[in-house]
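Each of the next two complexes has subunit A plus one more chain, namely subunit B in the first and subunit C in the second.
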Partner chain A sequence: MPISLFKRLMVPILVLGICGLLAMIDLWFPWIPGLTSLEDNLVGWVTSIIAFSLFVGVTSYVTRKIRSIRKKEADWVFDAWALVVIVAVLALYMVTGSTASAGYQWWYRVVYTNAGSAMISLLGFYVVYSAYRSMAAKTLEVAFMIVAAVLVFLTNATIGEVIWGGIPLIGRWILDNPVLGVTRAIVIAAGISGLAMGLRILIGREKAVLG
Partner chain B sequence: MASFLVFPTGFPVYINNYTKGLYDYIEGLPPGSIVAVSVDFSASAYDESGPVLEATVIHMFRRNLKLVFVGYNQDVPMLSEKALIKLARYTSNKVYGEDYVVLPYVVGADTGLASFGRDPHGMFKKDYRGNDIDKLPLMDRVHHARDFSLAISYGAGQMGQAYVRQWHIPYGVKVADCGSALFLANIITDYESGLIVGGAVAVRGAAEYERLIGVLGDGTRNMDSINASHLMVVLAIAAANVRFLWQKIRQQKKGC
Partner chain C sequence: MLIAQGQLFNFVISILTFAAVYYFMKMAEKGKKIPSLREPAALSVLPELVGRASETARPIHFTQGFTGLRYSFATATNMAGFSILGRIAELTVQMGGEVYATVCAPDSYLVAAETIHNAYVRAGTTEKQPDVRFLSDSQMAYVSGCNSMMMDEKISVNVMVGYFGAETLLLGEGAVAAGAIGFGGTDVYPQIPFLLVTCDYVLIGPEVFSAGAILSKDKVLQGALVGQDVPSYVSLGLLILGVILATFGSRVLESILRY
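Moving on, here comes the complex of A and B:
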């Protein structure tokens, strides 16, 4: 086996397997001396790596935007605006010295939160439009699904009880019986699948996680 | 539909068992118990998850519980401060550092949660406001996940289940999941299985909780807009089926 292939496949598999085994052994045998502190260090490293990946993400995003502006790609004006906002927020942070400062908090509360809420609110109109476009009862199965959806929908809104007192009763029955049973089945199946996947990663049979 | 917003309806709110479960658990906690308030949603979800956060924080402050605001989204500290500013009249007799603390956000979801649970002081040296956490009296009582009597996740994602995995199963910490309406089925499943003590779900949950604690807040007020939007979707579905039937009848007539 060439050394490059060994490095590319076996080293990551060994690292994955050893780290995974250490985490599992620590959970079952926490009394083994030094194991818990080693496991704590491993978890700390993971957190640090994820924190660093955020920095990589921002760098990559800014680089991508700059490239788009230089090449005058489609919608480059929006990319330029995104960069302006990034620089402005960074400048606000540098000037005020902390995200806990009154200036930064004001920007966050007055501009960012409201802009975010406005964006999410627009989705409501898409939901209504897509309901109109797609929820026609073309078959018996679809008709059942639509009736169940409408009943649960009106159960979660208080107006359902005002329209007819039976709506929340039927809606609750749907949630507490068929939905509960199916969700449990999905959760249990996902748990068993996760266990199998974890085992495959630990013994090096699963290579998709290596990219 | 806009009339719902102009003229409040005040429709009655039925209280679900999982909302009552959370209320009862908080009622049963001895004063001084420490609660992890995990704000796991982003700014855009404040209108959905914020009212639940505010209603439960009011209740916990009334019960003289000690709150540690933490979370796994970069917006966490700012959203915690926003909620605290909105609830200023309930926090006027509370002392920062003794009754509540706002920590910076934790990166890494499950891994970050496990790391924070094992060693909070190792993860954070300073709180969000720049204070040394070793000098905060409340944080002096927090050295492990086991020091929390309850962890409540307010989230647009599934951090409530991460708390179950990382805090409840290994350490026995009680968990409540105040997730968004999207995860209602999962929350009911976890509650019925005994994995969580309860949870108030989205605006409806906030309205229920506000009724339980006798407060008129954003949950109750926003129920009218929830009613209006839900009714709009139901009317859209009805219109879609009328259109479909109309088209079918026309096709049959042409066929004849």
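Moving on, here comes the complex of A and C:
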């Protein structure tokens, strides 16, 4: 096997396999000396790697914005504005030296939080539209689902008990029996499938990701 | 005690799963006959969806939602999602289409890019560059950016397979507004109804983990899927036994499972 191919395929699989094995052994045999601290170290490394990957994410974002501005793509002005904001916030942090400073907190409280709230409010319309579409009872199964949904909705909204005392009983029965049964089936089957998938990745058989 | 308190059943079922999966993979590798698999209905249409996207010259969008790989509870599901992304990327090369992935977590950026790159290489091209876009690590800002992109670029198919949270309905509905076909999959049971409402095809629970292996047509990987049915049948047997014992007032099985 050429060395580049060895590095590319075998090294990631070996690292994955050893780390995964250590995590599993620590879960089942935590009394083995030094294993828990080694596992804690591995988790610390994951945090460091993820923090570093943020640079890659930001680089991708900035590169894409610069490309959009250079090619004068649609709405490139907003891309330019996004870059200005990134630089401004970075400068604000570097000048004040802390995210706890009054200037940074002002930006966070007055701009970021409000912009976030506005975003959620706008996206709320999608929820309403989706709920409206899902109420179109095209088949018998959907009709059953809607009846169950309305009963559970009325159970949780408390007004159901005022309308008729039996509604909360039916709603609770739906949640505690058919819903719970199906949920457990999905959770158990997904758990086993996840384990099998983990093994496929650990032994390097899941080639879609590793190549 | 040798095994940690409360982990004995976990240990046994894990070892059983590993042994069964490994055994059937080896059987398949040696060319021995293994039971055939039922392909999930939603999965069989995926090549057709990629073909349709290629014919209409509109891109396919792939998303995994907000979690990425940084949360241990979401890693397995998202890795399964990447497996599907890889197969889609391979199909786009074969059919002449385009796929791009948007990510919310920077750690997913690298894995998504590597997955698409590997798929392109497997499909026989080294010229195409993976198109992965990091939008934001803020949940609602990510959704907003995603929806905007889906509409601007008039995507053909929106593939959302992974570990989703509150963004499921918003992303799915964004794709509907963009006129795209929705293909979803998750094992997060509170989010499954949202996928069913907004997507045309949905993979439910374990189907998400099997999808990549089924799409690959790789006999060894399909052997692994047969193997994971062994612990599933054991779980089913335990469920039935548990129901019978509980009906007669015995909690023996519960005690064993908690040991």
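Quick note on the criterion: the second predicted complex is superposed on the first by the 176 of 211 C-alpha atoms of A that agree within 3 Å, B and C clash if a C-alpha of one lies under 4 Å from a C-alpha of the other, contacts with A are read in each partner's own complex, and residues count from 1 in each chain.
Going forward, contacts are C-beta pairs under 8 Å (C-beta built on N, C-alpha and C of every residue); 3 or more make two chains touch, one makes a residue touch a chain.
These numbers were taken from a predicted model, which means no experiment stands behind them.
By the touch criterion defined above, A:P178 reaches neither subunit B nor subunit C.
After overlaying the two complexes on the shared chain, residue contacts for A:V127 are found with subunit B and with subunit C alike. When the two complexes are overlaid on their common chain A, residue A:A74 makes contact with subunit C while staying clear of subunit B.
Contacts of A:G166 after superposition: neither subunit B nor subunit C is touched.
Applying the stated contact rule after C-alpha superposition, one finds that A:G116 touches each of subunit B and subunit C. In the superposed pair of complexes, A:R205 makes contact with subunit C only, with no contact to subunit B.
Of the two partner chains placed around the shared chain by superposition, subunit C is the only one that A:S60 touches, whereas subunit B remains out of contact.
Of the residues of subunit A, those at positions 27, 46, 50, 54, 116, 119-120, 127, 129, 133-134, 183, 187 touch subunit B in one of the two structures and subunit C in the other. Against subunit C, in their complex, subunit A makes its touches with residues 24, 27-31, 46, 49-50, 53-58, 60-61, 64, 74-75, 116, 119-120, 122-123, 126-127, 129-130, 133-134, 182-183, 185-190, 192-201, 203, 205-211.
Across the complex, subunit B is touched by residues 27, 40, 43-44, 46-47, 50-51, 54, 98-100, 104-105, 108-109, 112-113, 116-117, 119-121, 124, 127-129, 131-138, 146, 149-150, 153-154, 156-159, 161-162, 168, 175-176, 179-180, 183-184, 187 of subunit A. For subunit C in complex with subunit A, the residues that touch the partner chain are 2-4, 7, 10-11, 13-14, 17-18, 21-22, 25, 69-70, 76-77, 79-80, 82-87, 103, 105-107, 109-111, 114-115, 117-119, 121-122, 132-135, 137-138, 140-141, 143-144, 147, 152, 169-170, 172-174, 176-177, 187, 189, 192, 194, 197-198, 204-206, 208-210, 212-213, 216, 218, 220-221, 224-225, 227-228, 231-232, 235. Those residues of subunit B whose C-beta lies close enough to touch subunit A in the complex are 9, 11-14, 42-47, 77-79, 81-82, 85, 106-108, 111-112, 114-115, 118-119, 122-123, 128-130, 170, 181, 184-186, 188-189, 192-193, 204, 207, 223, 226-227, 229-234, 236-237, 239-241, 243-244.
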